[in-house]
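Two complexes are shown next, each including subunit A; its partner changes from subunit B in the first to subunit C in the second.
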Partner chain A sequence: MNINFLDKFLKIIMSPKVFSYTLIWLIVLVFFGTIAQKDIGLYASQMKYFSSFYFLFLGFIPLPGGRLVLLLMTINLFSSMFKRNLWQLKKIGIVIVHLGGLLLLVGGGLTAYFSSEGNMVIAEGEATNYVDDYHNMELAFVNNSLKDSIEYTVVDESLLYEGSRFQIFDEGPEIYVISNIKNVRIENRISPADSIYKGLLEKFVLLPKRPEAENTQNRPALIYKIEGTSNRSDGIYGLFLGQGLNDPFKIKDQIFHSEYRRERTYVPFDIQLIDFEKVMHPGTNVAKSFSSDVNLIENDIPRRTLIKMNEPLRHKGYTFFQASFIDDSEIETTVLATVKNYGRLFPYISSIIMSIGLLIHLLLMMPKMVKGKPK
Partner chain B sequence: MKNNIYIWLFFILILASCSTEDKIKTYRLPKKSIETSILVEKEKVPSEISSETKKFTLQWKVPSSWEQFDGHSMRMASFYVPHSTGKGELSITEFSGMSGGIQANINRWRGQISLPPESEQSILTSSNSYNSELGNFLFFELANETSNQGILASIYELSNRTIFVKLSIEQSALIEIKKDFIAFSKSISL
Partner chain C sequence: MNSIKINISFFYFFFFLANFLIVPLSAFEVQNIPVQSEGRIKPLDTFARNMLLTFYGKREIKDQNIKATDWLLDLILDPERGRDLKVFNIRNPEVVSSLFLEWSTQHKYSFNEIINGIKNQVELIKTIDQKESQDRTPFEKQLLELSQSAIMFEELSYMKNIKLIPPALLDENAVWQSPFDFIISGVTPAYHQEEILNSLQKYLAARFQKNDLEMNDALFNYEKIVSDLSLSPVDVKKLKGETWMNDVNLFVKSLAFYILSFLLIGISWMAKPSFFRNISFMSLIIGFLIHGYGIVMRMYIMGRPPVSTLYESVIFVSFILLLLAVALEYFRKDGLGIFVGSIGGSILHFIGFSYAADGDTLGMLVAVLDSNFWLATHVTTITIGYGASLVAGFIGHLYLIQNILDSSNSKKLKSIFNNLFGMTLFALFFTLFGTILGGIWADQSWGRFWGWDPKENGALLIVLWQLLMIHSRLAGIAKPPLFALGMGLNNIIVALAWFGVNLLQVGLHSYGFDDGVAKNLYLFILLEILICCGLYYYPKFKFKFQSV
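And now, the complex of A and B:
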C-alpha cells in the first residue's frame, strides 16, 4: 500500500469533521430507529439500526449502522489524542474532555459485546442459577447417561443458520442445520413420514409463520440432521422452544437428547424463591405490587432478602429486578429480569471526567474572557 | 508519519482480537440430590418386575400426608393421597420404550373417567411441560365434573423407558392436590 495514501487516509480519520458527521448520522439513526419500532418492534429496530454495522435502506442501499458509526467515532477520538498540538498545558481541559468521551464509547462497546440480560424464572420452593436470554437461542445436546452429572454441549446461535455444518465432538457425528424458523406453527402430518424423520417430526411438521413484531412473542424452531452416529439415530430432528418431549438418540453408546432453548448464562450463586407475594388492585385482576422473598445461596450460605418492584437485588455485578410472575398453576413462579452490565459505571465516570475537563478548560480560559477583546 | 502507522496497527490488533469466543461449549452440572427423598430399595421392588427394572430405581420427595402402600406388582410404588373429602390413589409405573405413546395412554385414562378420546395434537396442547431431575415431563389434568372423577398424570419419556405417575382422585379435589402432585413429580430423580 502506498504510504502517502495511508497517511492521507489517517488524516481524514483523525479529522474533527469525522466526529461531527458521525454525530449527525447518529441523530438520523435515532430518528429512523425510533419510528421503525412501531412497525418492526423494539428488538428488531435495535438490531437493524443500532446493533448492526450496516443496514439496507429500501432493501438495497447499504448505509452505516450504529456499531460502525460508533467504531469510527472511537477511532477518530482516539487518534485525535495523538495530535501533537493538543498536548499543551492550556489545552489540558480539552484533553480530559476527549478522554471522558473515549471512556464513554469504550463503556458502550463493553456493554454491547459483553453484557447479558434475560429472565430468571423461579418457582416457589425451588432454586435456580441461570438466566434465560430474552432473544438469543442455543442448541443444547444433553447427555443424561453419566452417573453423577449431566453433560451439556451447547451450540451458539451464530452457528445455527441454514446450511451450517459442524461437529459437536471430536470425531463425532456431523450436525447439518436444515432450517432455522423464527416463529413456528406445528401441524399434524397428513401422510406417513419418511423413515429419515425422527421423534417429533414423525408425526408433526414445523412450518414458518409470520414473525410477531415483539420478538419475545415468537416461538423459534430448528430442524437439523445428524449424520454419522453409526447407528439408527441418524436422521432429521425438529425442536421448538418450550417443547415438552425429548427425542433421544445415541452417540458413541451414550444417550443424548437435544433442546432448543433460550441462551443460558449461569450465575455463580443460587437464588431460591421462598415466597412470592402479590397485591391486587381491589376488585380487579390487575397486580398492584409484587415481591419475591428469596434466599441468595452462595457457598452453601443462604442470605435472605426481599426483591420488590423498584427495589432490585444487586450481587456480584448482577442486578435482579422484580419483573413479572407466572400464575397459571397452583405453584406461584416469579420472573426476575436479570442484567449484568460490565459498562454500567462508565457513563457516570466519563460524565464526571468530562465535567471536570470542561471546568478546567473554563478556568483556563477565564483570564482571556475577563480581559475581553481589545476594542 | 510513523506514529500514524502505529495507531493504525494498534486498531487492527484490537479488531483482530475480537470474537474469539468458542461457538461450541461443553460443561457438566452435578445431578442435584434431594436429602429428604426416599430411595426405592431393591428389596422393596416386587419380584415380578423384570431384572432390568429392578436395577432402575428412582427417588422422590413425598408430601408428609401421603401414605405408601403395597399396590399392584407392576407398580414401582403406590401412595394414598388424602384430601378433605376422601383419598386418591397414586401409582408410579415404568415401562420400557414408548409404551404405546402418549395419545393411547391418555385416551385410555380418559376412558376410565368416561371422557371421549382426543386427538394427539389436542392432548399435547392441553399438557404443561415441567422440568424435573429426571428431565422434562408432561403434566396432564383430566376432569369429569358429571361423574366427579379426575386424574392427574405426569409422563416422563426417557431415552429407553417411560415413567407414568398417575393419581386417580375425585374431580372436586383436583385443585387441592394439584400443587403437591406437581411438586412430587418435579422431585422424582434417579
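And now, the complex of A and C:
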C-alpha cells in the first residue's frame, strides 16, 4: 500500500508533464516579472516573482513563485534521471546534457541561498574593511566618551520597523521607531518645532517621497524616539542616509550619536585605494575604462593590484569588481561591487558538461546523418 | 549545365572581390581627411554626413545633388551662401510658428530664416534646458534641439567644432583640436600640426579659386603628413575604406539583391521554375556576399567584433539568417531557402535602416561593453541564436502554409518539418549557450551570473520557449502542426527579447529606444498572432465546415 503510493508519487514527479507545466509557468513568470520591473523596479520584482516560493496575485490569490517552480523543475529533472530506458549508450549524450542542466539548477539554488553581495566604497588614500549592503540598513549608536576607543552598538534592519520598541543596553533608555522612510524629502520647518524634536528635526522635517524603482537611488531615513535617558536628551530624532552632522545625546553621562547607514559586513582584510583612474573616449563624456589601483592589506602586509572593468580582484572567496565611482569633490571615490558566492563555478562547469554531452550526441548521430545524405 | 552556372557565379564573386580590393589604392580625397569626433578618428566625410543628418535628416542633400563634404566645405568657404541654404528640417508646426515662419510642406528652412526666431526665444530655451529631459514636451524638445543645431551650424562655419588637428604629443586617448581653437590658444604648433594647418589652408584656398592642380597638391601633402604620424590612431587605409563604405552603401545594395531574388522566386512559381530559381538563388548569394563584405568592413574600421550596438545586431542577425537560408536552399533546391532568405533579409534590412538613421551608428561603446573577447563570444553566439530562431520561425510559417495548400503531400510536409526541427535544435544550441555565456560575462564583470535583468530574461524566454517546444514534440504532446505554430510564434518572443526589453529601460544593458519602435513592435506581435493562428486553425475549421 505504502510502496504503491510512493511509486505513484514518483511516477508523477518524474513525468514529462510536470516539466512542461513548470516550464510554461516559468515562461509566464519571467514575462510578467520582467514587465513588472518597469513599475516596481528590478529588485522588488526579483523579490516578488523570482526569489520567492509564492506571491499574491491581485493581493489575495497565492501563486507559485520562481523558487518553487525551479525547485520542482530540479526535482523533476533529478528523478527523471532514474528512468530505466534512459541509460542506453545511444542516449548517453542527451543524459550528459541533462546532467549539466541539473547542475546549473543546483548551482542556482546554492547561489540563491549562500551568496552575499554589496558595495565597498573607498575614497582615495583611505582603507576600508567592510561591505555596504545594497538594500538593508542598520542603525548604529556610537559611544564617543570612551578613552581610547569608540564603541558601536548596531541595530539590524529587522528591528527597525514602524512601532518597534527595543533597548540598546541593559537598563538603558528605550528606543521607539516612529517611522522608517524608504525615500526621504527634507524640508525646512515653517513654524518653530515642539521641544520634543531634537537636533536635525528642530529645523527640518523628514517627509516620505515616492520610492524610485531602483533601490540604490533612494535616500532612506529613520525617525525614532528615545525615552528614559534621565536627562534632557529624551525626544524625537531624525536620521537619513549620508547625513553629515549627527546629533549628540547623553545616556548616563556618556555622549552618543547615531548613524543610519547601509548594513555592513566586515571582511578579514583591508583594501586601500591608492589611485582611481578613468579614461574617456577622447572628446566625449563616454567612459572608455575605469580602474582602481589598490593595496590589499592582510596582517599588515600590503599587496598591490589593479582592479579594472571586466578584471576583478578575487581573494578569500570574495570578488571585487570595478562597478562605479563618485566624483563630486576633489577626492575621487571608487565603488567596488563585492560578491561572495559558493555557487560561482557551477555555470562554468555545467556549460562545459553540456557542451561535452552535445558533442557526444553529435558524434553518435554522425553515422546516421552521413547515411542519410547521399539521397 | 549546373557547373557552368556555378562557374559564372564564382566569376561574379571574384569580380566583386577585385572591385573591393582596389578600394584602398584609390587616391586620398578631401573626404578622407581625419577628424576626431564622438570618441574616434573618422574621415571628414562621415563627420559631414552625421552633421547633415542632425540638421537635415538625411546624409546628403539629394534634391540639389550636394554631397555632405561639399556642403560642409562650401559652408566654410562661403558662409553667407551657406546660411541661405535650406538645410534645417523642421517638421513640427508649433516650432515653425514659434519662429514666425511660414509653414512649408518641404519642411526645410535656412539658417538665416530661423536664427531671428530663436534669438527671440532665448529665455524660453534657457528654461527648457534646465528641465529634466523626460519633463520636456515634444515642442520643447524640438525647439531645444533646433537651437543647439543652430549653434552647431554656426560653429561649423568657422571650423570651431571640426577637430582636425592632432595633439602635439600623439597618444590614442588625447583630444584633438579644431583649427579655430588652435589659433585662439596661441600655442606654437608642433611640426606636424603646422604642416596640417598649412595643407588645409592651401587646399581651401585652391578650392576657393577652383584650382584642381593646387587642390591635389595640397591633399597629397596632407596624406603624407597624416600617414607619417607615428603613435597615432590615424590609419589612412581605414579612412579611405570608411569613406568608400559611406559612398557605396553596401547594405542598400545587398537589400536590392534580396528584393530582386524575391521577385525572381515569385516569377519561378509561374514560369520556368528551375531557370528562375537558379537566377534568384544567384542574386541571393550575391546580396549575401555584399552583405558579408559590409560587415567585414565595419569590423575592420572599428576594430571590434561584428555586434556591439542594436543596429549592428540587426545587420548581423540578418546575415546569419541569410547564411542558414543559403545552406537550406543548397540542400533542398526547392526555393524554400530563397523564400526565407529574401523575405527575412529584406525585412531585417529595413529594420536596420530605421536604426541607422538615428545617428552615427559607428559609435563608441561604454566601458563595460568594450571587451572584444566577450563581444566576440557571447554577443555573437546569441545573435546567431536569434538568426537561427528567425529562420526556424519562417520555416514554421511555411510548414503551416504548405499544410493548407497541399496537406496530402505528406513527404514534402515531413521534409519541411525535419528542417524545422533541425533548425530549432540549432537555434536552441546557440540561444542556450549564448545565454549561459552572457551569464558568465555578467559574473566576470558584475559578480553575478544571473540578475533577472530584462535583457537576460528576454534571452531566457527564447530558450524556455524552444525547450518547451522540443520537449513537447519529443514527448508526443505537440503534433507537427502545433510545433510549427509554436515556432512561428517564437518570432514574437525573439522580437520581444531583442527590441522589447529596451522599452523597459531598466537594468544594466538597455541601449536606448524610441516610441515609434514600440508601435511597430505591437503591430508585429498582433500580425504574427493573427497570421500564425489563422494558418493553424484554418484547415481545422475548413474540415469541420466540410464535414457539416
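As a convention for this text, the second predicted complex is superposed on the first by the 251 of 375 C-alpha atoms of A that agree within 3 Å, B and C clash if a C-alpha of one lies under 4 Å from a C-alpha of the other, contacts with A are read in each partner's own complex, and residues count from 1 in each chain.
Following the convention adopted for this analysis, a residue touches a chain if its C-beta (ideal position, glycine included) is under 8 Å from a C-beta of that chain, and two chains touch if they have at least 3 such contacts.
It should be emphasised that the depicted structure is a prediction, and the values quoted were computed from it without experimental measurement.
A.B. asks: So, does A:Phe19 touch the first partner subunit B, the second partner subunit C, both, or neither?
C.D. replies: second
A.B. asks: Look at A:Arg189 in the shared chain and tell me whether it touches subunit B only, subunit C only, both, or neither; answer first, second, both or neither.
C.D. replies: Neither: A:Arg189 stays clear of subunit B and subunit C.
A.B. asks: Does the superposition put A:Tyr152 against subunit B (first), subunit C (second), both, or neither?
C.D. replies: After superposition on chain A, A:Tyr152 lies in contact with subunit B alone.
A.B. asks: Counting residues of subunit A in contact, which comes out ahead: subunit B or subunit C?
C.D. replies: Looking at subunit A, the partner in contact with more of its residues is C.
A.B. asks: Identify the partner contact of A:Ile255: answer first if only subunit B is touched, second if only subunit C is, both if each is, neither if none is.
C.D. replies: A:Ile255 contacts subunit B only, not subunit C.
A.B. asks: Mind working out whether A:Pro347 is in touch with subunit B, subunit C, both or neither, as first, second, both or neither?
C.D. replies: The answer is second: A:Pro347 touches subunit C but not subunit B.
A.B. asks: With both complexes overlaid on chain A, does A:Asn310 touch subunit B (first), subunit C (second), both or neither?
C.D. replies: It touches subunit C, and subunit B stays clear.
A.B. asks: Hey, what residues of subunit A end up touching subunit B and subunit C alike?
C.D. replies: In subunit A, no position sits in both the subunit B and subunit C interfaces.
A.B. asks: Write out the stretch or stretches of subunit A touching subunit B in their complex.
C.D. replies: It is residues 3, 6-7, 10, 75, 78-79, 82, 113, 125-126, 144-146, 148-156, 158-159, 166, 168, 186, 188, 203-204, 242-246, 248, 255, 257, 328-331 of subunit A that touch subunit B.
A.B. asks: Given the complex with subunit A, which residues does subunit C contribute to the contact?
C.D. replies: Contact set of subunit C toward subunit A: 36-40, 163, 173-176, 364-368, 370-371, 374, 429, 432-433, 436-437, 439-440, 443-454, 457-458, 460-461, 464-465, 467-468, 471-472, 475, 477, 501, 503-507.
A.B. asks: Touching subunit A in the complex: which residues of subunit B?
C.D. replies: Spelled out, the residues of subunit B in touch with subunit A are 1, 3-5, 7-8, 11, 18, 21-31, 102, 119-121, 124, 127-129, 135-138, 157-160, 175, 178-179, 182-183, 186.
A.B. asks: Okay, in this complex, where on subunit A does subunit C touch?
C.D. replies: Of all residues in subunit A, those touching subunit C are 16-17, 19-20, 23-24, 26-27, 30-31, 33-35, 37-38, 41-42, 45-46, 50, 104, 107-108, 111, 115, 117, 213-214, 279-284, 286-290, 309-310, 312, 319, 321, 323, 337-339, 341, 344, 347-348, 350-351, 354-355, 358.
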